[in-house]
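Next, two complexes with chain A in common: one pairs it with chain B, the other with chain C.
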Partner chain A sequence: MNTLLNRATPYLQATPLAVILGFFLAVPILLLLIVSFWDYDFAGMYPGWETFNYTDTLGSWVTWKTYLNTLKYAAMVWALTAFIGFWVAYFLAFHVRSATTQIVLFLICTVPFLTSNIIRMISWIPVLGRNGLVNSGLVNAGIVEQPIEWLLYSDFAVVLAMVHLYTLFMVTPIFNTMMRIDRSLVEAARDAGAADWQIVWNVILPLAKPGIAIGTIFVVTLVMADFSTVQVMSGGQSASVALMMRNQMSLLQYPAAAANAIVLLVLVLVMVAGILRIVDIRKEL
Partner chain B sequence: MSKAVEIDIASVSKIYGKFTAVDAISLKIPAGSYCCLLGPSGCGKTSTLRMIAGHETVSRGDIALGQTVVTDLPPAKRGTAMMFQSYALFPHLDLVDNVAFSLKMQGVPKEQRRAKAIDMLRLMQMDAYAGRHPAQLSGGQQQRVALARALITDPEALLLDEPLSALDPFLKVRMRAELKKLQKSLGITFVHVTHSQEEAMALADLIVVMDNGRIEQAATPREVFERPSTSFVARFMGDHNVIPGKVAGAEDGRVSFDVIGGGSFQASGAPLEAGSDIDVAVRIDRVRIGESPINGLGFSGIVSNLEYRGPSVKLTIDGAGISDFTAIVSDTAFFSTPVDVGDAVPVHWDAEDAIVLARANS
Partner chain C sequence: MTDTTKKTGISRRSLLKTGAAAAAGAALGSGAITGFPTIWAQNPITLRQFGTGVSNLNAIAEKCKEDLGITLEMTATDSDAAAQRAVTQPDSYDIADIEYWILKKVFPTGVIQPMDTSRLTYYDKIVPLFKNGKLTPDSVIAQGTAPHTVGFVEGPDSKSFAAGETGWFTMVPTIYNADTLGIRPDLVGRDITSWADIMDPAFKGKTSILNIPSIGIMDAAMIMEAMGELTYADKGNMTTEEIDRTIDFLIAAKQAGQFRAFWKSFDESVNLMSSGEVVIQSMWSPAVAAVRAKGIPCVYQPLKEGYRSWGGGLGLAAHLSGAQLDAAYEYINWYTSGWVGGYLNRQGYYSAAMETAKEYMSEDEWGFWIEGKAAAGDILSPDGVVMEKAGAVRDGGSFEERMGSVACWNSVMDEDRYMVRRWNEFIAA
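After this line comes the complex of A and B, so read on.
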């Protein structure tokens, strides 16, 4: 009896997490996978083993265009957040001397996250709109005659809002990695005659790679799955994969949306696997 | 060998806010010598080294290497190279790129700098590991790579910040010998920061003992050992008992003094005013067991601790107003008249083994 209990102990200890992950991750994905092979019409879903949800999705040029558009957002947002995130983290980690100031500045970075995503996004509208702050400022200053149209409801607005929403997800892991860089390495580089930019390029950037990789995973997965930002900021003029799924769901085309979700999941997993192949992040975990 | 330079430190201070880490020290380190900056932690030895290296700004005073005043020059323009305490090897680069780093910064073409780095690794007998990363090396190997990296710039002076502190005791002794050999063969000036008396004694041509941001004594190891100039040096080097007292009188190069609430003693030294404070150092290895033939060169006390050390025995004795008086006697001498903890034992020493010290705060 006792030996049985001993053998069961590790399994019992693993049970709570296994149950949580099972119910909230494995089962939903499994259901999604099953439903993606079902048939449907306007009135209901019919269990089956059909592949036309996939062939329809992958065979449509709209899908491909939407995916390309989403990837374009992901690439632009990634490049901008990585650039901003790296320099913000670099400033916090290497140029702020006292640990207290460091923490305070870092907390200031997180303050916007205490408000909801939607609110932060929507607050761009009075800033960027036709009669918004930026446009009325430019017009009143006489810099432009007509309000600039592409500020709001455009790709520019989408990328701007996403960068605003997601930069912290880049700053945090990079800052974390940079704080672990031994300061004597910077001195050793300086002793070897390295200029500031050479230190950043040859020492800090290579050693911050794991943090950049983790931030990249956050940002890419968030952008790939985003639908509200794209819908609100593009004014419905641009599409993203998640937005396409939402539209399918609102038309009760659940199996089609499920197939779409599986395709997106595979794509994102491939991207994450690619990032992990390039950068070894294990020592950061 | 003409490459070596003299390092001239002229009343240099380092002040952090209200805290004075280094207090107006002056020191000349002769060209081609091995100098050890020795002291307890927080004594200012590392700040001094870092000021010579250029990693710390000088608050007051000047530092010159040879004929060049380097006070305001960046580290790489001083002709010095620094070896860091934890070696600070770049974890993302292999050994060749680590060693070639400074050449890369200067813009030396890749083939050329890699060839020179491999030569340098060969000099340190590390060429077999050229493709490895620092994490794959032992402590001693990392030190050799750090040396190779520091020396590739052909420095006139090598600055070492506690280079042996990360090594286990056995390796410490071996790498110490390697450092000494390297310094001899290169002929350049080495400045080595350490808190280990043994290390400084073994390596240095010039020992600079520091405390509270000041130089207590700068002299050859033999002089520091035999004639510590202050009670701090005598206590820190650990080879002397320091007996504090009040001067009673002086004659014939002998000073007699009284330990407060204890006995009267004599010491060699210049005459001092009666009634003034005095510290006297007595070599612990010159103390013998037995009654003194001369008054004032010995006392009787109770043994409070015994340590057997193989060739010698260390006794700790309290008596005549002196506490924790240490005596190291040879095993033959000890076991001919063995004593135990709690026994009363007479000890004595020769007149020339008791010397008067300068007061640290005078």
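After this line comes the complex of A and C, so read on.
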């Protein structure tokens, strides 16, 4: 009896989380999968086992172009946030001496998050617009004659807003990893005659990889699933995968959107699996 | 249910259910009282109305409660959701407040019951546009889903549309307007006279059209035709070849950088215009008013090819019967009796029963909104905000001038799904 209880204990302990994950994660995804095989028209959805939602999605050049476009955004935003995130975290972890200042500075990084995502995004519009702050500044200073058109409603605007929105998701895990780096390693490297850049390149960067990997997972999934930033900052001129899904949902084509969601889910899981193969984030946990 | 049981059933049921209030109900049901609203307060009746938002106004619900004692529960959705709800949840509403092109999809499914025009007190006052498609006897019938083509059915159980007036209405028309392009007169720098002007290279990167496929494609068709690129047999019901040519044209224009943005919601169109990002774009009339309210010049420019028009009405849910059906007729008769019409006219829309609305508008308001005359005094919105200063003239002029030159109505195409797919390609291109 006692041994039975002993053996059941870990399962019992895991039950609450399993129930929560099962109910809020597994069941919805299962429903999504089922619905993606249904038929539909404007009036409703009809249970069935149709594959045309997938063949339509994967057979259309729009899908491929949209996925490529979204991946392009993901790559650009990832490169920029990783670069900025690494140096911000490096500054916080290695240049700021006192723990109090570190915490204060880190909290300052999070201040923008007290406002909503949408507000932070939309605030770029009066800055970047044709008659916006940047353009009127440049024109009044005589630097350019005509306002620069590509500042707003362009890929530039989309990437800028995303970098602004998502950099902190990179800073936090990298900062966290860097704080755990044993300072004696840095001292040892210095004693061995390493220059500053060699310490960063050969000691800190390899040890910060798990943090970068976690940040990458955050940023990539956020960008892949984004629709509002792309819609607002490109002025509806660019497509993203999630925007395509939203268009389908607004036209009540739920099964088509579900099929699209499954494709996106598979793609993102593959990407995350790839990241996990390269970097062992369990070292971090 | 046959005709006879319908007529007598009303009073019998009311009598059984409500006693005292039944007298009023019976009198109403038999048509003894006309043009004189029955107060339903003793027997509280609630009507659930859902629709696309334009006419789902709280002011109407309040006034309805005050005049009729009928509580109106209103739900607003977007047009696609409205179409779906109308069909899939027919018991969730009593009154469907939908546009005619949605009705074309919805009515054949049998969720809306035809209404007996002899029970509509103001049927005679409804403008002929909704009866035969002609505003004046010599008007040309516009393309697209013109309301009169889906306005009548043969009988109380019919599900297919009749060719002409029959005495069985699918919906009573309530609100409609003529849409065109909005411009910034201070920034365009020349006269705008045609839909083709939106493609003028001078406005490269300063134009926008709306990203709502069923309406955007119509604006695109107006542009294509005005440029002489293509003449459509029916802009409201394109062939796949016409859809292909229209979308290919849009994609080419997009890639050449003609458009600044595509807007999806009302506020986006207002911001694009007021910030000067665009100088000419598809627009809705309240958006033009909103830009002007900021003190920025904006004109709802009449164009020589005519307007793209839309219209909505009230339909009776199929499940209505007895006292509820009476109340619904009563509500519709109240709706067309003038107060609501005046309210809608003062918002820049049009009421379907113009004569009754006139009694609820001042002479100056009538002159400005309907007759196209210069305003003698300031023109106020229904909630008392100054919309136009004295001396202003409505863009496009009078009711006859605007609704008389409608080129096409919002519509649903047979090739709807194909069109939406190609539209998505345009946005992704």
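Operating definition for what follows: the second predicted complex is superposed on the first by the 270 of 285 C-alpha atoms of A that agree within 3 Å, B and C clash if a C-alpha of one lies under 4 Å from a C-alpha of the other, contacts with A are read in each partner's own complex, and residues count from 1 in each chain.
The rule is simple: a residue touches a chain if its C-beta (ideal position, glycine included) is under 8 Å from a C-beta of that chain, and two chains touch if they have at least 3 such contacts.
Computed from a predicted model, the values in this text were never measured in an experiment.
When the shared chain is aligned, no partner comes close enough to touch A:280: not chain B, not chain C. After overlaying the two complexes on the shared chain, residue contacts for A:188 are found with chain B alone; chain C is out of touch. Applying the stated contact rule after C-alpha superposition, one finds that A:196 touches neither chain B nor chain C.
Of the two partner chains placed around the shared chain by superposition, chain C is the only one that A:131 touches, whereas chain B remains out of contact.
In the superposed model, A:42 lies in contact with chain C only, and not with chain B.
Touch criterion met: A:206 reaches chain B, while chain C stays clear of it.
In the superposed model, A:244 lies in contact with chain C only, and not with chain B.
Within chain A, no residue touches chain B in one complex and chain C in the other. Chain A meets chain B in the complex at residues 182, 184-185, 187-195, 198, 202-203, 206-207.
On chain C, the positions that touch chain A within their shared complex are 78, 80-81, 83-84, 87-88, 105, 109, 205, 208, 211, 213, 254, 259-264, 271-272, 275-277, 420-421, 424-425, 427-429.
Partner chain A is touched in their complex by these residues of chain B: 53-55, 74-77, 81-82, 84-86, 88-92, 101-102, 104-106, 149-150, 153.
By the touch criterion stated above, chain A contacts chain C in their complex at residues 42-44, 60-62, 65-66, 69, 125-126, 129-131, 149, 152-153, 231, 234-237, 239, 244, 247, 250-252.
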